[in-house]
Amino acid sequence: MKRMQQSSASRALSGVRRLLRAYPSLLRVGLADMLAYRAEFLVWILSMNMPLVMMALWTAVAADGPMGRFGQREFVAYYLGMLIVRILTGSWLVWELTMEIRRGTLAIRLLRPIHPLWAFSAMQLAAVPMRALVISPLIVVLYWIAGARLPMHDPERLAIVFASIAGAWLLLFLVMAIVGMLAAYIESALSVFDLWLGAQAILSGFLVPLELMPAWVARLARVLPFRYILGFPVETLIGLESETVALRELGIQWLFVATALAMTLLLWRKALRRFAAFGG
Amino acid sequence: MIDVSSLSKIYRVHRRPPGVWAAMRSLVHRNYENVHALADVSFHIQPGERVGFLGPNGAGKTTALKILSGLLYPTSGKVTVGGFVPHERRVEFLRTITLVMGQKQQLMWDLPPSETFAMNRALFDLPKREADAVQNELVELLQVGPLLGKPCRQLSLGERMKCELVAALLHRPKVLFLDEPTIGLDVSMQAQLRDFIRRHNEATGATILLTSHYMADVAALCPRVVVIDKGHLIYDGDLKTLARRIRPEKRITLHFASVPAPGSLDRLGNCVARSDSQATLSVPAAQVTDAVRAALEQLPISDISVEDPPLEEIMREFLGGERENNGGKTPT
Amino acid sequence: MKQIFRRYARLFSVQLRTSFTLAVQYRFDFFIEGLLALLWLGITLVPLMVVFARRATVAGWSYPEALVVVGLFSVLKAVLDGAITPSLNHVVDGIRKGTLDFILLKPADAQFLVSTARFDPWRILDLFGSIAIVLYALRRLHHVPSVWEALTGCALFSVAILLIYSLWILVVSLSFRVVKVDNLSYLFMSIFDAGRWPIHVFKGALRVLFTVVFPLALMTTYPAQALLGHLSLAHALLAGAGGLLFAGCARWIWQRSLHAYTSASS
């Protein structure tokens, strides 16, 4: 009798306690998983060479003279930073989610007392330590090339860098969750993600620093989420912006994160119902 | 037809204990150990024979079949099939054999079986008229005519297996390797396939090597069995002889018209199962006639049957006993 | 000899037919992917356009000349995505599931069967788009290749396709031993991406790497140079010989890997 009268607040509290107890072991499982698939991890790391290819192109371009604010050094720093951020924030949630929805194995996750998104997040987060290990030499090289600009000695700016990278990770994760859930509605959710990646390539500063794009592209990119997944963290990392501007953009990034979170939670319930009705 | 002498196959496998710490250690240092999938196996099979391979999971049966079909290289020993050395994978050899695996299929998943048939006909370079005749005959024998146009993913397991057999037999191979062909099928489908295989062997004289976990398959199809356990060949010969050697008893099942007097059964023999209406006795083969006569005289019998003990039990005992003997070989 | 050729021609047409039947069945998916490929083609032109909006030449290449390289790269990519990658994925999948065994049981050359297993016919869109880019670039240069230039260009381009194919055979041979590596084709594509720009963009050690080790230079820059008339005969012959040698090595490694192959358990 007493248990049924538990308020929803205390139920939520026990849910949080359950999560806090379970999350560390979820992370540990994720880490073991990462080690088991270390060959795939190595292959993935080796495939991250687009920033290096772009670096080669742009440094060759800048050999005759700087492009805007970017001389050869700046280009190297920018693309090294891009590589670092890309590796740290990368996620494969969309492929996993679409596969689980298509095969129906998502149902197994739904039987567990933890929200599946938490479980997914643990698996993705567990990859971060190994990736951080791998990129540390890159950070050393970056420091050697652009040391003066990096916010190494400024705790405020360092905090902004970390916050922007965390925000980027979250934003990408949530976007992948949203697109992944579309697999409950349409066959080719992955094609939708391919479209996103296409837009991201141009509008996030991945291929070309946004400063060097035509002005209207740069302006458009500031109001779209793509930039806040890649370009923005890189720019804070190598100190391209003043602190006030960085703070303001950090706010915008986390606004996007909050919106994505709201959309995810909303869509999740609907997608689940659809998944239960139609299967994969 | 098939000659195997001192065949051995050894795998180098990396074993890693569980746990995160062990996982990290294995990044730098790996422990390898040798697994003997097959150890010094020898047997000879005449053309037209039907032979069953028995043994627990992981005993080496599938490895043996894969070596015989040329998919794996033996570590040592001599193997010839139809005069060919399998792992050389000569064209003439590959035309002579076929391999059907119950757990994998060669049919293309998204396309109808007819597409796979067309593919195989091209692969084996079969002249059209001959191939048509063979295909039609097989399709009719297995009754898969209406299924030919449906994509494989829409067929049931049994239907897929039948189509799989058609695809495997289009080139009229002289040797059939069947690796657990009836696994997962319902009883009637198993019986259909068994019938087909036996009739095919009788009609074409093809040599058949079958592995199966279902004793019913082996009992119905294979007068000769080869038993492999942990890579060692522990028996090669007649199934009935093996059964009689392991369990030289018969099972007598008695159905009672009325409940018998307590204790009256035990005088007749070892009672292995009993209920109010029937009982099963285990009796040495030599004493069966006496036991039956005694039962009919002393008990209220309404029906009586005499059978061999279930093959599953025999095999379990055979293999379990072998394990206790540390893999010692029984003389064939 | 003629018998063998006829046999393999028949096999090839049967394989093609299978791919077409599948493509018709899943036409929606394939069509979308074809459109996306066109989109990516456009996207990859963006950096080039930005660069050449402000500069006249980069590493000695003008905009239309660089466009020829990018165009040839895209043609190669279309051939890769349409004729080579689908088979690669199919084979790696088969190795994982253990169904590759059935291919090895057939009395035809395993490399041929594995290479022709799947095609993606919708990449034709991609192919035409890329060829259009090359033609446009040549037009802007007001350069019509002479017969000799066109021939060497095509010959070198064929060597490029042979090279890509051999690299792919090496990748599949590798996956015989390291079965779990599903995303090898992903890695392959990424390395291939470095061939997008004229090889002169890379300096020093990297250029050597991409000319000799991963012969990307051979794949896109050399054919472009041939078409533009900038490639010496010596270079062209060297490239051709190198390509054929590479293909021979790949075939040899394939045979060895097949020898050591252990099929997935049960």
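Residue numbering begins at 1 within each chain, and the chains themselves are lettered A, B and C in the order written.
We take it that contacts are C-beta pairs under 8 Å (C-beta built on N, C-alpha and C of every residue); 3 or more make two chains touch, one makes a residue touch a chain.
On a predicted model such as this, the values are computed, not experimentally measured, just so you know.
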| item | value |
| --- | --- |
| Chain nearest the overall Cα centroid | C |
| Chain pair bearing the highest count of C-beta contacts | A-C |
| Chain A-chain B separation of Cα centroids, rounded to whole Å | 53 |
| Between chain C and chain B, distance of the C-alpha-averaged centres to the nearest whole Å | 46 |
| Distance from the mean Cα position of chain C to that of chain A, given in whole angstrom | 31 |
| Chain B residues within the chain C interface of the complex | 11, 62, 66, 69-73, 89, 91-92, 94-95, 97-99, 101, 103-106, 108, 110-111, 115, 118-120, 122-125 |
| For the chain C and chain A complex, residues of the former touching the latter | 28-29, 32-33, 36, 39-40, 43, 46-47, 50-51, 54-55, 58-59, 178, 180-184, 186-187, 189-191, 193-194, 196-197, 200-203, 206 |
| Interfacial residue positions of chain A with respect to chain C in the complex | 37, 39-40, 43-44, 46-50, 52-54, 56-58, 60-61, 63-64, 67, 187-188, 191, 194-195, 198, 201-202, 207-208, 212-214 |
| Interfacial residue positions of chain C with respect to chain B in the complex | 7, 10-11, 14-15, 17-18, 21-22, 25-26, 97-99, 101-102, 104-108, 113, 259, 262-263, 265-266 |
